[in-house]
Every structure is written in C-alpha cells, then in structure tokens.
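So, here's a batch of structures to check.
Both complexes below contain chain A, partnered by chain B and then by chain C.
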Partner chain A sequence: MSQSAMKKQALSRFLILAAVLALAAFSNNPYVINLLVVCGLYALPAIGLSLLMGYTGQISLGQSAFVGVGAYGSVLLAQHLQLDPWYSLALATALSAFTAWSLGWLVFRLKGHHLAMATLAIALILHTVLVEWRSVTGGPDGISAIDPISIAGYALLDDLHFLPLAWLVCYAGLCLADYLVRSPFGLAMRTVSENEAVARSLGIDAAQVKRKVMALSGAYAGLGGALYAHWIGYISPEPFSVAFSIKLLLIVALGGVSGVWNVLFGVFIVVIVSEWLKPLGRLDVVIYGLLLIVVMIYCRQGAVAALAGLYRKLPQRLRPGARAGLKLQGRTSA
Partner chain B sequence: MNTASTNTPVTMLEVEGVSVRFGGLQALSEVGFDIRQGEILGLIGPNGAGKSTLLNVISGFVRPDRGSVHFDGELLTGRPPESVNRAGLVRTFQAAEVLAGMTVVENVMAAGVARLGEGVAGGLARFVRAGQSMAALYRMACDKLDLVGLAALANQPAQMLTAGQQRLLAAARALGTEARLLILDEPAAGLTNDEKMMLAAAIRRIRASGVTVMFVEHDLAFVSSLAERLVVLDHGTVIAKGETRKVSRDPQVLAAYLGETDLVVARGRGGVSATAAPLLKLERAVVRYGALQALGGIDLEVRAGEIVTLIGANGAGKSSTLKAISGLCKLSAGAITFDGKPLHGLAAERRIAAGIALAPEGRQLFPMLTVRDNLMIGRFSHIRAAGFGNLFRPGAAAAREVEAAMREVLDFFPRLAERIDQQAGTLSGGEGQMVAIGRALMSRPKLLMLDEPSFGLAPRVTREILELLPRLAERGIAVLLVEQNAHAALQVADRGYVLANGAIVAHGSGEELLQSSHVGEAYLGWQHEDEGTEVAA
Partner chain C sequence: MTEFAQYLISGLVVGCIYGLIATGFTAVYNATHIVNFAQGESSMLAALCAASLVLAGAPLLLAIAVAVVVVGLVNILVERLAIRRSGTDVTRGIIITIGVGIVLQGLAALVWGTDAQPLPAFSGPGSISAYGVVVPRQALWVLGTTAVVMALLYLFLTRSFLGKAFRACAMNGQAAALMGIPTGLMRSIGFLLSGTVGAVAGVIIAPIALMQYDSGVALGIKGFVACIIGGFGNPIGAALGGLLLGATETLAAGYISSGFKNAIAYVLLLLFLLVRPGGLLGEFGAAKR
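For the complex of A and B:
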C-alpha cells in the first residue's frame, strides 16, 4: 500500500472511531460508556500479545503478569514516591517492558508447549506474589484510594472523562503497532514466526527479535495495567490472574494476524461475551477455553479472516459493495 | 569458460580439518576443501555421508569439535548463523522452506532486513520517516527475483508457487542478503527435468552476477552439467575432490554410491515360483506431496518368500513407495492390493494387523525404553485389536501370542535376548537395527519392509544384517528391501527394481541387475560431455 493510502486509511479509522465514541458519549448511557473504557484498556495488552503471538509466533500465557506489573508498579510508585500518576504511568510501563525483556532471556530457550508452560508459570508466580506479599501489595484485599489521572489540574474521575484518554492511547498504540508490522522489523518478526532457522540464515538474530517484541508487548501490557489502576481507583490480584491471560489469548485468536486493527474486533467480542457470562462467576473461564478451542480449530486465521472468507463466498448480488470485500482480502506489502 | 579458471584461483572459503561427532556417530572427520572465487562447486556423496552436517558447520548451525572454517581470511567457526550470514555467506535449506505466509517479494525483502539494521524503534517511528526503507527493500527484492526469473510472480502468495519456483525463490531470498557465497542444499531434489534446467540456468545467471556458488545435490546428471569442481564425501571423509570430469570417473566415487559390500548368501535360488500369485501388488501407483510428484505411476510385485529390493538415488521415490504401502501417505492414483484385497482406505495401524510391517529408515527406536519394551510396541496393534481391556492387562490369549512372537524374535536375534533389559539408546548401530527389524517382526507380518537397514552401519555390520534376510524369506515372509547399498542389496535379493525420478527404469533378477553395467549409469545418471560428442560423431 502506498504511503498516502496508508495515511488516508489511518485518518478514516480515526474518524470512525471518534464518531463511535462520540455517539456513545452523547447517548449518556453509563453502562455503554463503562464498557467502552474497558474495551480500550483491554485492547492495549491485546495489541502487545498480538505482536508477540500473532506476528512473531511466540505463544504467551503470561501477558496478565505484565498487566499486573504495570498496575501495581504504577500505584506503588505513585504512593511511595509521591509521584504524579503521569510519571508513575511512564515508569511502570518501562518497568513492565524491562521485566518482560529480562524474562525473555529465560523463556525463549523454550519453544511451543514448553514456552506456553513457562509463560503460564510466570502468570501463576506473579499472581501468588501479589496475593502473598501482603506488606507491599495488600494481599488479596489489594490497594485502594489510588490517585486518579488528572489533566491540567482536572481529575479524570468518571468514565465519560476517562473515555477519550483511554481511546487516544489505544489509537496511538494501534497506529504504532500497525507501522511496526509493516516495517522492515515487522518482516523480521514474521520471518522468525514462520521459520527461525531461515531467519538466522538470513542474518536475522531471532533470539534478539523475540526479546525485543516481548519487551514491547510487556510495555503495552504495563501501560494498559497502569491506566486501569488509576481509572478504577482500586486494585486486587484477581483481575491479573491466568484467566485474564486466556481472555487476551482469545482476543488475539479472534482477531487473527491479517492486521493489528483486527484486535479491536476480538476485544469487542470478548468484552460483550464477558458481560453475558457475568452470572456464571468464575466458571466463565470454561466458556473462554471452549471458545478458544473453537477459534483455533475452525478459524486459524482469526474470526475476521473467516468472516471475510464467508463474505467472499456470497453471491455477487448479495454483497453490499464488492470493492469493500476486495479491500479486506488485500494484504499489504509495500 | 569462466574467468576463474583462466586467472589464478582466489580461495574464498577454506575448510580445514573439520570433525564432528554426534553421540556414537563420527559425522565428519578431518574434512578439508576450499571454494574458489567465482566458481560453481558441487558437494556430493551418498546418504549419510555428512553433507548436511558439513553445510551446518559452514553456516554456523553446528559447532565442529575440531577444525576451522575461514571465509575471506576471516574465522567463522564458533560464530552463530546470523553472524556468519553477515560475513557474506548464505545457505538455503533442503525443502526450500519458503515463508508461506508471505508474498513472493516479501520473502526476498525479509532477507534485506538484517543488513538494513533498523530495529523496533525504526519500525515504530516509521510514520516520521515515510517508509523509504520498505521501498528500498522492495526494489532490491524485485532485482533478485528478476535474476532467478520470478519477477512476474512477485506479489503472489509464496505458497502458491510450484516446487521448482520455490527453489528459485529460496535462491533469490538467499541473494537478498547480498552474500558473495551462495550455498544451496539439494536445490534440484524432486524437481522435473524442465524445472532442473530452469534452476541450472538461474544458477549460471547468479554466478555471472558475481556470486560464487556451492551446492549439495544427489542428481549427478544435474551436478555434472553444472559444477566445475566436485568434492565427494563418504562416511564423513573427503574421498575425492577436483575437476568434475576427473572425479566423475573415479572408481572410488562409484563404489561409494553403489556400495561394495560382498555378501555370502547361503540360500538356494529360485525357491519361489515365478507364477505364484503376488502377495503385494502395486498398479500405476502415484504419490504427490503438494506440488511435488514423488511417484509417477509405478507397477511392482512381491511374492511370499521372496526378497525384492528397490534401489535408486536419493529422492527417486523409494521411501514414498514404502510409505504408500504402509499407509503413511495416500495414493493420488493407482491401486495397491495385498493378499488379494485392496488396501485403499485402510488406516496405517490396520495394515499392520493385516500383515504389513515396516522397519523405518533411521530405525526410530525409543531410546529410553528397554529392548523388550521396544519389541512389545511392535505388537501393540494386535493387542489393541484383541480388545481395549487388553491394553491394561493382556488377556490370556493375547499374552500367549505376545510371548510366542517374542520368543520367535529372540530366537532369530540371540544378541537381543542377551540385552533384553538394556535401554535401546545404549545399543550399537547394528543391534539397534536388529531391534527395529525385531519390532517389525513382532506383528508376525506376511510382508516385511526394510527402509535403508544399512544406514550408518559399518560394512561388516551391514553384511551381518543383510545376510539374515534369506532366513526370514525361508519362513515364508516376503521381504521388500529399500537400500542405498545397491551392490549388497542386489546380492541378497531375488529380484530388484531400479527407481529414478519416481519411475521404474529397470527390473530383473538380482544377478541380472548386478551384472548389468547400465544400472550404475542409470542409477547415478552421470553425463559425460565427451560421450555426447561421440554419439554425435
């Protein structure tokens, strides 16, 4: 795709997104607005995981841990060093990226199932630490009275005010990730994903690529976690358990690897499904697991690609505008 | 001809005294040779000679125990593959390994990324520096695709390419790293003649563009038409090197390919009636793997109590034939009948119960299990067929049968009885092969198929194993033997088939084929330019 076309696409996406959010804001339905904030905050760690798993081919069940590092990191830094949440946000993001990068040295000795198990262990260990290290994390009760983020002295206390910030960050995250996968480094990521031996034979340091993407993915997760903490004002270990990792896995699997923006599709589906599953309590993980299996078996390229495929199978006359279908199909090169 | 042969040759790559040991196997010992700037060098040798290991040593994937590799005077030994590549040397892989999720041009662009040296930051900041680097990569990739003749397919998905085009793409991708030395691993394996010619033309164009080429190949016709010099490996040592014309006449090279093991076969010939109904019959069997046609419609028969051997160069379709019979791969066309019944649609495990057993290539034992357990696994499908409960505790009948089969096998291989509780991984190569055959015999097959039983064995051990086969045949078992050591296989076999490029090119009794001077040529496919001119004159 040419440069100008890319810019046009980015602009149109921004406008559509802004329109949707504005519509939701004017509806003044607190439930919808709350869900949209949740979507924006879910999207950040999901983008990171999409880069790591979708584009670099490294499975991770530990993404929830880095969200946790970001959330607790930012809150603890803000409380103990009396930092403004903006600074603690940035520091926590860096901390989470660094943690991910360090763990990359360890876990990327492994591949496939072993990598999945090692990252699962990371998530379990972090969750246990959050629960048990009462003096610092407050144990299962967590930490409350977290300072909200404020802009120019104006605290973003309610959902409606937080909504633009969450989605602005999310939009920036999506754009950066989108640029990255279309860049030379994105090619290196995809090469590593498909065949590490080939990547190395072409001079690509596969181990380094994996660690860098892991760090970036940790940064996305950490930022998402930190924003979440300052938005909700109270954190406990529960949201950062392995179940959250599985949700993120499902989001990425639903979105597929044909574009970073498809992550949003996965996010909306999973957040809506989560609402439906609320009456089930903690049993909802079972449903996520089943959904994940279904997606992995029937739409390996992601639900977006599967839907696009179904759409193309429709007879021409039933398609509202066949050109849109072609756009969905076109995967960009240069 | 080429400029390199008229000027003083400049050494580009120098391999000295390289030795590699994998467990009990000496894969390479004291290998030394050089590659000269601007030449096309062929590396040949029979299966298991150590060619792939040598390539892995040169490209940094395997660290040698001893010896060194210098490239343009720079020491490469001990450097990881990505660093070796940045020194200016690139290798391809046997199966081309195209990146199937990318387009053709993206495959080649990926090769330029490392040299570009833009990291994550460069990628994230691309909205600032409007994508010039991607455009540059795209132009570079198109140039390379043009060189191998794939420019028209640049924006196609790579997985749509035919096998021949995939090899060309692998070469173009390798060139995308701007390496000065290109090493191709079996670029022509499994290709049709037309595809081989296109590949050879592309390799010549690549050389003309200033890149030195070395390639590993089994198709010696292809090798002799392309390479100026040859290096021949056998059992991990260099047995010949020099100009192609000289090396291809070296009797040692021919012997390395055909084997020279002489057997003492104590068995009355002609014990099998030529009119007896065949136990196994293949009719116009075709096997395809994706775009590759491995078997192009072969006919083959094996009768009870007969030893039949299937010989041919690597990639001729020998293993595919065995896989088709044992049900590990599907026939695209044609039919196989066994014991009067068609095998079509019968799953692999059911075929074992029907009386077909395979001792696979490379033995495939379970190294952590004892010899007894390895043998027991060969009886699994029968125990399972006797009822699910038998898996937990075999019933009396099933247990008796297992014991009887075990006794038979141990009678046949007394050496295994001595080592019955030893871990299979601690056995010698010959004993391991005995376990592999014994495991196949545990199912009391009517047809025993052996895939390269002599692979990796010393000549004495090969002899020992192959000389056992007539005793099996005397018990009424039909033996289908795939063997690289054609010389030995033909001595032990009643009949033989010669495969080349997925078709049977010769067929006859073992003795006939052994005596026929044509087999060696058909098998190896040497092409001597001067012979061509003689015919013309």
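For the complex of A and C:
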C-alpha cells in the first residue's frame, strides 16, 4: 500500500472511531460509556500481545503480569514520590517495558510449551508477590484512593471524560503497531514467527527481535494497566491474575493476525460477550472456555478471517457490493 | 531434627501427588506431543465425583473406582472432541487445552458449587506417631498407592505388548504408524492413562487436602514443575521431580514463609527451565534428535 493510501486509511479509521465514540457519548448511557472505556483499556495490552504472539509467534501467558507492573508501578510511584499521574504513567510504562525486556533475556531461551509455562510462572509469581507483599502492595485488599489523571487542572473522574483519553491513546497505539508490522522490522518479526532458522540465515537476530517485541508488548500492557489504575481509583491483585492473560489470549485469537486493527474486533466481542454472559452466573466460564476451543479449532486465522470466508460463500444476491468482491477475486487470480 | 523429619515426611506425601500428576503429563506428552494444561482438572474431578458418590451412600472403594473410571473416560472424550482436531500447532494445542481446563472447572463449579467437598480418610482419621513425628494414616495410603501405581505403570510400559507399542509411538510416531501401530488408539490410551493416574492422585490426597472446583489448577502447575525438574516426558524423572518439589516446598514453607510457598514452585520452574531445561534425567527420547 502506498503511503498516501495508508494515511487516508488511518484518517478514515480515526473518523469512524471518533464517530462511534461521539455517538455513544451523546447517547449519554453511562453503561455503554463505561463498557467503551473498558474496551479501550483492554485493547492496549491486547495490541501488545498481538504483536508478540500473532506477528512474532511467541506465546505468552504472562501479559497480565506486565499490566500489573504498570498499574501498581504507576500508583506506587505517584503515592511515594508525590508525582503527578502523568509522570508516573510514563515511568510505569517504561518500567513495564524494561521488566519485559529483561525477562525476554531469560524466557526466549525457550520455545513452545516451555515458553508458555515460563511466562505463566512469571504471571503467577507476580500475582503471589502482589498478594503477599502487604507492606507495599496492600495485600489482597489492594490500594485505594488513587489520584485521577487531570488535564489542565481538571480531573478526569467521569467515565465520559476519560473516554476520549483512553481511545486517543488506544488509537495512537494501533497506528504505531500498524506502522511497525508494515515496516522492515515487521517483516523480520513475521520471518521469526514463520521460521527462526530462515530468519537467522537472512541475518536477522531472532533473539533480539523477540526481546524488542516483548519490551514493546510490555510497554503497551504497562500503559494499559496504569491508565486503568488511575481511571478506576482502586486496585487489587485480582484483575491481574492469569485469567486476564487468558482473556487477552482469546482476544488475539479472535482477531487473528491479518491486521492489527482486528484486535478491536476481538476486544469488542470479548467485552460484550462477557457482559451478555454475566446473568448466566457460573455458566459464563463454561461458554467462555467453549468459545476458546471452537475458535481455535475452526477459525485458525482468527474469527475475522473466518467471517470474511463465510461472507464470500454467501449467494451473490445476499451480498451488498458483491461485484466489487468479484472484481477483486478476478484480479488476484489473474 | 524432629521438626525437619516432620517437614520432610509431609513434603514427600505431597511430592507423591505431584509425581503422579507429572506422570499424567508425560503420558499425554509422549503420545501426542501436547502439554495438557487441563491435567490438574482430572484430579479435581475425580475427588469431587468420589465425594458425591460417598455422600449418596456408595461404599468408599466403589466410589473411588467409579470416579477414576469416569475421569478416564472424560479424558478420552476430551481428546476425541477437542484435542485431536488441534493438529500439530503448539500454540493452538496449548490454548485448546487451556480452554478444556476452563470448561471442566466451570462445569465443576456448576455441579458442586464453590465449597470444598470432603472425602473421608480411607482407614479412619487417626494418625501414627513415631520418634515424635506425626503422620496421618491417609499419608501412608498416599505413599503406598503411589508406589503401587508407579510400579504398575512401569510394568505396563516395559513388559506388556501394548506398553511397548505406546513407547514406540512416543519415540517416533510416523515410524510406529508404518509398523502398523494404530497411533490414534495410542493417543486415546495416553489420555486414558493420564486421566486415571491424575484421578488416583486426586482421590488419595482429597482426605488430607480439601478439594474444590479450582484446586486442579495449582495441582496441574505443580505437576508440570515436577516434570520439568525430572526431565520432560520421562516417567521416572517425573516421579523423582515430584518428590523433590514436594520436599523443597514444605521445607521452604516451614523454615522461610508459608505465604510465598506457592511462588517457590514457580521460581524453581523458571530456574530449571533456564539452567537445565532437560531436567535432572534428561528429556525422554531426546536421543532421537
């Protein structure tokens, strides 16, 4: 895609996103607005995981740990050093990226199952530390009375006021990730994912690529966690457990790897589905697990690709814009 | 010294359980090259099943036998419905087994609720004391049952025809298939073995450690750590790793801090993965590479 086309695409996506958010904001439905903030905050760590798992092929069950590092890091820095939340946010993001980068030196000596278990162990160790190190983290009760983020002396206490910030950050994150996967570095990432031996033979330092992506993914997760902490005003170890890592895994699996923006699809599905399932009580977990299995068995390229495939199989008269699709097919086959 | 012996004994008892679960991991891994992240759920399911049956008035022995068989069958079903379709992709296999674990755990919470389900001790609640060390009677059952199960498994794998076919499949699935060994059946047998061994572990520890719907997760991870310590896919290593992990964990909990007890297993896991990923005894069938 040419650069001007890319810019046009980014702009149109920005406008669509802004229109959707504005519509939600004007509807003045607190429930919808709250859900949209949650979506924006979920999307950040999910983008990071998509870069690491989708594009670089390195499974991680430890993404929740970096979200936790970001959240607790920002809150502790703000409270102990009397920092403005903006500075603590930036510091916590850097801290999370650095933690991820250092752990990358350790865990990327491993592959496949071993990598999955090592990252799982990291997530479990962090969770244990958050629960047990009471003097610093407040133990299972967590930390409350967290300062909100403020812009020009105006505190973003409301969901409605926080919404633009969350999604602006999310949009910037998406654009950065999109740019990255199209760049030469993105090609290196995909090569590492496809075949490490080939990557090395092309002069790509596979281990370094993985570490860099891990650091970036940690930064996304940390930023998401820090924003979450200052938005909700209270943190405890519970949201940063392995269950959250698995949720992120499902988001990335649903979105697939055909584009960074598909992560948003996964986020919306997961957040909305978990809302729908809430009245079902305990049954929600079961349906959740089944969804994970079915997606993994039947939609190997992600649910977006699967839906697109289904769409192509529809009889022509049911498909708006089918002619354009036909033209496109004709061109690719020629 | 008495204190040390007490910790060591409790550690070995827990270690037996970890070792059994680790053996379950190796059975699945050898047959399918998948690490079953839902391994711990077998133990949980069996313990809860047995507890319900006893509550309904079934004799203890029958309840245990039925629970073990049921869990074995559930495992075969899981392999057929979900895992066989996952193909050879490692990431996909991991996510699918995680999904299976979530489903089983959710179903258990639906059926049994979130309260722990007690199972009576096999021969009364009392304990035996010698030289100042107190051992619950159930602990002896744990040690004895583990020894018997391990011995039977060893005999099965080395002496029986089916066991030899299973090992051949583990070493080289394609070559085994060419020799006429039905590899699909061997996959089922792997899952059956892992399910029954895990179920036995869950049933014998249930009277000591209360079991509830989410107990399987921790057991599964500890079992995996035992595998890594001993050498992945190596059944003897798995048993050894379990004992070592159990002893380390209880000693550390006793002398350092009980709160960080769980983290000790995870730190050990990281240490072994990084320093000696082959484990103490080396990976099973590593020679083939």
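The rule is simple: the second predicted complex is superposed on the first by the 313 of 334 C-alpha atoms of A that agree within 3 Å, B and C clash if a C-alpha of one lies under 4 Å from a C-alpha of the other, contacts with A are read in each partner's own complex, and residues count from 1 in each chain.
Everything that follows uses one rule, which is that a residue touches a chain if its C-beta (ideal position, glycine included) is under 8 Å from a C-beta of that chain, and two chains touch if they have at least 3 such contacts.
This structure is a prediction, so every number in the text was calculated from the model and none was measured.
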Judging by the criteria at the top, classify the pair chain B and chain C on chain A as clash or fit. clash
Quick one: is A:Asp84 in contact with chain B, with chain C, with both, or with neither? Answer first, second, both or neither. neither
Touch check for A:Val129: first (chain B), second (chain C), both, or neither? second
Contacts for A:Met117 in the overlay, against chain B (first) and chain C (second): which applies, first, second, both or neither? second
Which superposed partner A:Asp141 touches (first chain B, second chain C, both, neither): neither
In the overlay, answer first, second, both or neither for which of chain B and chain C A:Met53 touches. second
Tell me the contact category for A:Glu275 with respect to chain B and chain C: first, second, both or neither. neither
Interface residues of chain A shared between complexes with chain B and chain C: none
Okay, in this complex, where on chain B does chain A touch? 59-61, 80-82, 85-86, 90-93, 97, 99-103, 105-106, 109-116, 118-120, 122-127, 130-131, 133-135, 137-138, 155, 173-174, 176-177
Interface residues, chain A side, partner chain C - complex: 53, 57, 59, 106, 109-110, 112-114, 116-118, 120-122, 124-125, 128-129, 131-132, 246, 249, 253, 282-286, 288-293, 296-297, 300
Enumerate the contact residues on chain C facing chain A in the complex. 35, 37, 82, 85-86, 89-92, 94-96, 98-103, 105-107, 109-110, 221, 224, 228, 257, 259-260, 262-263, 266-267, 269-270, 273-274, 277
For the complex, give me every residue of chain A touching chain B. 3, 175-176, 179-188, 190-191, 193-195, 197-206, 212-213, 216, 257, 331, 333-334
